[in-house]
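Each of the next two complexes has subunit A plus one other chain: subunit B in the first, subunit C in the second.
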Partner chain A sequence: MISELLINAFLVTIMLSIAIALIKTRTVIFTVILTSAYSLVAALMFITLDAVDVAFTEASVGAGISTILFLAAMAYLPKKEEESISSEFVPALSCIILGGILIWCSYDLPEIGQFTAPIHQHIAPEYIKGSKEDIGIPNIVTSVLASYRGYDTFGETIVVFTAGVAVLALLQKKDPAKKNKSQPKQKIRKNA
Partner chain B sequence: MHNNPILRISTKILFAPIILFGLYVQFHGDFGPGGGFQAGVIVASAFILYSLVFGIEAGKKLFPSNINLILLALGGIIYGGVGIVSMLLGDEFLAYNVLGSSPQSGQHIGILLVELGVGLTVSNVMIALFNAFASYDNIKEK
Partner chain C sequence: MISSTIGIWNYWIVFCLMMIGLFLVIGRKNFLKKIVGLTIFQTSVFLLYITFGKIKGGTPPILNESFESIYSNPLPHVLILTAIVVGVATTALGLSLVLKINTEYGSIEEDDISAQDLVDYHDDIKTGKSVDLKFKQ
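Presenting the complex of A and B:
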């Protein structure tokens, strides 16, 4: 129990210091790297909560690929953020109020891992039992993700697909000379 | 980065193990942590690493963008296709029980195919996004 507390305190301290460093830094590349580090610590936090699948996703997507994509996209931005001119008092106040409300609400949450919590009573027992008997897969997360909640995952896949296609449609407009050979080239000449 | 021997050699050594690990995560998702989303990202990272070190053009030679776009769409088609096949076999959309000889084997086949679809779409979207960003204005290729 005490070691768990120590680990959590350690991780929260690192996360807080990364967040403060994120506010202070004005260089875009440092912002990206610090966000990646933040994701990595978040992944460790998920491991302490025994959510290995989420931790895996956070480490590979949050800390890995999104950092690379951000870096690739940041090449088109100025190297440094501009200093904000407006007052920082109102945003800081609203952050503090919102954070206070969230902390206040968190006292009503059931303890982590408490068996009588509503979330462990509603539909989860059925999934845990069914995953073994109906589906026959040891990893309950996969059976929920791919079978019980197959529609949702289908939607997620289509969202990823749509996002990719949308970005391609936006970005490939400017660089058609290489790819499309006959017709679009003429169109662009006309436009130019 | 093209002339740095450490980067070039370590990329060549790491490329295959990264893809192997991605395949492990993909097809071992039933038994351990992992699945299509994570595996897709891991496989994509191998190709992105190659593009980063050897240049976008070399990356496109390794993995042509027309194949990339076909596979990008194929993932969603596989996922939806599993649903349609299960409908044709007389059950509801994405009900895998009818796909195999017993309900359990049907679930296994369904989950495997669906995860494969997710992995294909995610990995190819990531590669396509990186290529689109990196060759947008040809800044990177200098």
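Presenting the complex of A and C:
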């Protein structure tokens, strides 16, 4: 049992070092690749924490598609990040204070993996028991996602659709043919 | 002692990761770095949720009669599956906003952009044009 937690602690420490490297680097390509690596290590952690569905979603969507999006955007953007003029002291200090408070609060959290924690007592046992009879799929995550909480998934689809429409609207190029047509008209008016 | 430290070690590091993500968002002036910070923050919140769902000696929540064991909590997994997909959608939206800003201003550094806005504002005052309301606050 302790070995599982040790693997977890090791992986999460790797993630911390990747995040620190992300703060230090100023080159955009390194930033993108480090983000991808971060997502992949997160996917490994999800496997050790028994969340296999989340792990492959994170590996394909988090590490795959978002990296492609970042690389595609990178092609049109400056390759280097400039040093900031203003001091980074205030944001750093507020982050450290907030992190300190969170770590202080973590002593009240249940230890990892304890069956008696409140989260495992409330409604999850009913889903685990009922999944086989109610829906008939062995994978509980699928049955909760698609059936018990089907409306949430529907809402998620709407969010993704809205984001897609917004991206298309933002990246729409103004039609050059229309532009050429409208400019001569204005010239004609001025001449007249 | 060691086992209890390891028991909450995950939480500590996850909180550190969250704060690094937050720092990248509020401390860095490069817009692409801000979006990367948002991704880091998101992924660490996912980790926190999945950590809550873990049960010692549990198996992934896929029903199988040959395993006589307890299943880890499936509810956080479902929540986070939804959140990952929505997170990528927001990343895409943020990146397209950054691209738009880059075509308008020729830069994605916050300092550059606010300097350009300030110059435009003073030019407008000199020429007596109607001034954008956003600077009047």
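A few points about this structure:
Note that in this section the second predicted complex is superposed on the first by the 170 of 192 C-alpha atoms of A that agree within 3 Å, B and C clash if a C-alpha of one lies under 4 Å from a C-alpha of the other, contacts with A are read in each partner's own complex, and residues count from 1 in each chain.
Note that in this section contacts are C-beta pairs under 8 Å (C-beta built on N, C-alpha and C of every residue); 3 or more make two chains touch, one makes a residue touch a chain.
A quick note: this is a predicted structure, and the numbers were derived from the prediction, not measured.
Following the overlay on subunit A, a side-by-side fit with no clash is recorded for the pair subunit B and subunit C. When the two structures are aligned on the shared chain, A:Ile158 is found in touch with subunit B, with no touch to subunit C.
Contacts of A:Ile112 after superposition on the shared chain: subunit C is touched, whereas subunit B is not.
In the superposition on chain A, contact is made by A:Thr13 with subunit C only, not with subunit B.
After superposition on the shared chain, subunit A has more residues touched by C, the comparison being subunit B against subunit C. By the touch criterion stated above, A:Ser147 is placed in contact with subunit B alone, subunit C being left untouched. Of the two partner chains placed around the shared chain by superposition, subunit B is the only one that A:Ile68 touches, whereas subunit C remains out of contact.
Once the two complexes are overlaid on the shared chain, A:Gly130 sits clear of subunit B and of subunit C alike. Taking every C-alpha atom of subunit B against every C-alpha atom of subunit C, the smallest gap after superposition is 7 Å. Residues 52-53, 57, 61, 65, 69, 73, 76, 138-139, 141, 145, 153, 156, 160, 163-164, 167, 171 of subunit A lie at the contact with subunit B in one complex and at the contact with subunit C in the other. Residues of subunit B touching subunit A in their complex: 25, 29-38, 41-42, 44-45, 48, 52, 69, 72-73, 75-76, 79-80, 83, 93-94, 96, 103-104, 107-108, 110-111, 114-115, 117-118, 121-122, 124-126, 128-130, 132-140. Those residues of subunit A lying in contact with subunit B across their complex are 52-53, 55-57, 60-61, 64-65, 68-69, 72-73, 75-76, 134-139, 141-143, 145-147, 150-151, 153-154, 156-158, 160-161, 163-165, 167-168, 171-172, 174-175.
Residues 1-2, 5-6, 8-9, 12-13, 15-16, 19-20, 22-23, 28, 31-32, 35, 38-39, 42, 45-46, 49-54, 57-58, 61-62, 65-66, 69-70, 73-74, 76-78, 81-82, 84-86, 88, 91-92, 94-96, 98-99, 102-103, 106-107, 109, 111-115, 117, 119-120, 123-124, 127-128, 131-132, 138-141, 144-145, 149, 152-153, 156, 159-160, 163-164, 166-167, 170-171 of subunit A are the ones that touch subunit C when the two sit in their complex.
Taken together, the subunit C residues at the contact with subunit A in this complex read 3-4, 6-24, 26-30, 32-33, 36, 39-40, 43-44, 46-47, 50-64, 70-78, 80-82, 84-93, 95-100, 102, 107-109, 111-112.
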